[in-house]
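Chain nomenclature is as follows: A, B and C, assigned in order of appearance, with residue numbering initiated at 1 for each chain independently.
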Amino acid sequence: MSTKTRWERLKAEWAPRIEEWKFILRRIGESPLAILGIAIIVFFVIMAFMAPILAPPQGRNPFLMPNDQELASLTPQPVPPTTRHIFGTIISNQVAGQYDIYYGCIWGTISAFRIGIMVVAIALIIGITIGTISAYYGGILDEILMRFTDIIIAFPGLVLAMALVIAFPTIIPLDITQIILILSAVLAIIFAAFKPERKFVLPTTIVLVVTLYLYLNSPIILSINLSKLDKVLISLSLVGWPSYARLIRGEVLRVKNEDYVEAAKAAGCSDLRIITKHILPNTIYPLLIVSTLDIGSIVLTAAALSFLGIGAEPNYADWGNIISMSRNWVSTPELLVQFYHTFLIPGIFITLFVLGWNLLGDALRDVLDPMIRRR
Amino acid sequence: MTSKSSTRLKDSLVEVKNLVVRFYTYAGIVEALEGVDLHIRPGEILGLVGETGCGKSVTSFSILQLVPPPGKIEGGEIYFNKDGKVLNIRKLDEDSIRKIRGKEIAMVFQEPRAYLNPVYTVETQIGEALLTHRREEFLKRAIETLEKTGKGSSFERKVYERMLKKPKSIMTRIMAKFCSKKTLKEEIRKEVIDLLRNVEIADPERVAKMYPFELSGGMAQRAVIAMALSCNPMMLIADEPTTNLDVTVQAQILKLIRQLRERFKSSILYITHDLGVIAELCDRVAVMYAGRVVELADVYELFKDPLHPYTKALLESIPRPGQEFKSIPGTVPNLINPPKGCRFHERCQYEMEICRKVKPEFIEVKKDHFVACHLYGGSK
Amino acid sequence: MSSLIFVRNLKKYYPIIGGIFKRRIASVKAVDGVTLAIRRRETFGLVGESGCGKTTLGKTILRLLKPDGGNIFFGAPQEVINEIIELEKTNPKSKRLKKMREEYDLATFSGEKLLELRRRMQIVYQDPTTSLDPRMLVKDIVAEPLVAQGIAKGEEAKKLVLEILERVGLGEQHLYRFPHEFSGGQRQRIAIARALVCRPEFVVLDEPTSSVDVSVRAQLLNLFKDLQKEFDLTYLFISHDLSVVECISDRVAIMYLGKIVELAPTYKIFKSPLHPYAQALIESVPIPDPTKRKERAPLSGEVPSPVNPPAGCRFHPRCPLAMDVCKKEEPPMTEIEKDHYVACFALMKR
């Protein structure tokens, strides 16, 4: 037995995976479109980080576009690009004032990243959990979960998202018993799925019963306030997870019957260990690819919701919001040309952002496919 | 070299000389074949034996110019002696080689159901092969039948005659689309059932209407053999056709192949890694290692007096009850960076200095017994 | 003599699900009443053609599959086995029987008891490419049984892993690599290391040399023999390659459509097989010696589907010795000669 230092051992452990990553990066580097996609995203990331410098916030909430009062008193119409407002200004039909589009676009980058990444992350977590449990255990559990998934898919995504946004209460009051109830329910599902030893079942049941009793009369302790954008986030996640669930279910069904999964059973692995250590690492690749593509499309959907007026607050710095405001000013072809800056500039931002993610997703797919096949 | 080649060429059906094939992959250039020499005589069964990765399948694909990309044939010649006329397969264009594939040289693969289209019945697929290569014959037969029985319209007859005379004109095609071509289909169907009966499929009418997934391994392989033999090829290339089959089914198929050789007098290039099958079936044997043919001899001669060290080691590694298992030390070399000189030198117990540097020539050491080894003067 | 493994009347059926309500409309009778005993330290060969149920039998004995009938005893004393058999015949519903079965009969095990079993019984699969998780390092693959069963972890596990890797001919430099970086023979060694790392008593070898080259085959077979002596192992060697089975097994059982047709010491069964199917099978194997070529009459027909096996003796439609009784009743396994069992009415008559 050699006596390696801790650092050396750690390096040896990770070396083969690092080799893999190097291979992936090399292959991505060979495709000019992939590099373009990454460049676009990096460009936006830098813009997002530099937002406070590029467009200094005025007022408490940096995500609200600042109002140029001076200009507002001069003209009632949006002003095309000038030296003072590089991209021009826009006027909302709900809140008075001239709003700087440049500011809106820069801070809109942060909003776009936030929406894209958070929605995809939440949808992935929900989708992977449900899809994996459904596929691994099969039987009637699979039937029920998949029919439930089917019901959600059956709705047109945008329409369902709109309905959820509107229906979601702005303020969700939770008291301590409800929190415990929710936690216990989640725990109960996990225990039922992974069948741990008997000693856990009894305490959980006791806790559930006690909280049910307390639930009947207790004061409100916690209030969760949801901003409009948060509601958009949650609804898009709830609408988006079924496709991930379906996708990973297919992959898990394929991997479930492979020899190495049975070998793990023969070695004595518990179900949970098999799922986390064997099945998930081998099934997650297609999801990674789809989710990078989805980040772009989620931003588009959120922009659509803002355009329809269901998204963010009136003068929130969000690309879709700006385009929504511009809707009022471009009713005729002449106005379209006159106020081009109100929709064209945020439109270009959206297009570039989605394009960047799409190119990256395509590049990942091209690279990861042969890598999987190489094995 | 030329004098040897011309004498061989006169009595071989197919001759492969110094074939070089390379695969351009992401991991590097794989030197799959580095000078393969083979010749197959008319009416004989030549066995091609070797381990996985030695290049037997690549050789067989090369004969039909079917090497898949990223592979490329980069050197050597492949001669096909078609009724006295010697064709250089490497120099043929796509159209000419397509006429040979399936008709003069047919191929049978390891997993028959992978090479049958799953959405067409057996009848349709064998029928397609017949129509492609024996079109005129069947058109003439259909016309004859029409004349004899008097059934079928005169329109149908006109269509057949047009298809014979002007097969490519647009008018012909339009007319053919409107015609039910019942008689032609019936002729083909009769032939298909005959072919299936020849390969000992019981109840061929029923099997003809089946889809590939409904067939068992043995039946599917027979169907594929029937398809391959449908055009009376001069040579059949069989790439491990019985490896995936049970041993009792394999015995049936081997017997079938022997019978078919008797009947049709075709040559067969039989590729396998099973020395038992070679001993049972073949007239002559070629042994391949890491992209070269290292020995080629009559089967009795090879088993009695193997010359190349690899052949000797291979025969010794056959498991015999009561004895220790003998293995060949070392492993098959990586063909991306193959050893210089003779590719077997690292595992050879007779390794000499010259083996590390110079590639041995493939020469006739005894009568009709070829070896590529420096022990037998391969350095000429 | 007490055997290590005793399997009695084992049955394993696979349901065929169909219809709107996804009910079982038929069953594939993969293993349909198999009785055999495997002695300590022996290599028991199990041969048959595809679909005969040999792999299913191996996996059911290991309890990777749950049997649909029959008993499996692992290291149980002979008196216990006799008592259980007696009780099943005379008083199948007795409480004592239930208790004894829960204690000794693997067919009833689950949960904790099953986990204990895993340490004592292991399996090496046919294809090392699919039996090793492509995303795990060799070190983790081989350490998995130790970690999953709670025997060792971390540094201690790594020590044991290294030990067993060296025994199978690999080294420390192979620990931190992925399976796809190795050749087929090396991968199979990794699989063997994984099976032996927790020092089992019984190992099922499911066609372990079928996916590797001829030259590597001999190396692996020598390795199996050495490891058997060193670790005191008992093997169940499943294969369709009769020449390999002939060289490595002490006794051989031949299966056909879910049942054993003949069971005898190796040299006997290969020199003079008695059952017509065994004869046909051994005859069909091509001999690597052209001077021994002979005109064989191969077995006609094909193996029927295990969903609807023929009534009576499964082999009767293809059997040259078939009699009337063969079509109606199933022949029992009879000891025709010492330690040589055959299931055939035609042979019983003599």
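Methods note: a contact is a pair of C-beta atoms (placed from the backbone, for glycine too) under 8 Å apart; a residue touches a chain by one contact, two chains touch by 3 or more.
From a predicted model like this one, the values you see are computed outputs, not experimental measurements.
Chemist: Which chain has its C-alpha centroid farthest away from the centroid of chain C?
Modeler: Taking each chain's C-alpha mean as its centre, the farthest from chain C is A.
Chemist: For the interfaces A-C and B-C, which has the higher count of C-beta pairs in contact?
Modeler: More contacting C-beta pairs are found at B-C.
Chemist: Based only on mean CA positions, could you tell me how far chain A sits from chain B in angstrom?
Modeler: 55
Chemist: Averaged over CA atoms, how far is the centre of chain A from the centre of chain C? Could you give it in whole Å?
Modeler: A distance of 50 Å separates the two centres.
Chemist: Please compute the C-alpha centroid of chain B, do the same for chain C, then give the distance between them in whole Å.
Modeler: Centre-to-centre distance between chain B and chain C: 37 Å.
Chemist: Indicate the residues of chain B shared as contacts by at least two other chains.
Modeler: Within chain B, no residue contacts more than one other chain.
Chemist: Would you mind writing out the residues of chain C in touch with chain B in their complex?
Modeler: Those residues of chain C that touch chain B are 49-50, 183-185, 213-219, 221-222, 225, 240, 242-244, 246-248, 266-267, 270, 280-281, 283-293, 296, 298-300, 302-303.
Chemist: Can you tell me which positions in chain C touch chain A when the two form their complex?
Modeler: Those in contact with chain A are residues 62, 64, 115, 118-119, 122-123, 125, 127, 130-137, 144-145, 148-149, 159, 162, 172, 175-181, 191, 194.
Chemist: Along chain A, where are the residues that touch chain C in the complex?
Modeler: Those in contact with chain C are residues 1-2, 12-13, 15-16, 258-260, 262-270, 273, 277-278, 281-282, 374-375.
Chemist: For chain B, which residues are in contact with chain C within the complex?
Modeler: 51-52, 216-219, 246-252, 254-255, 273-281, 299-300, 303, 313-315, 317-328, 331-332
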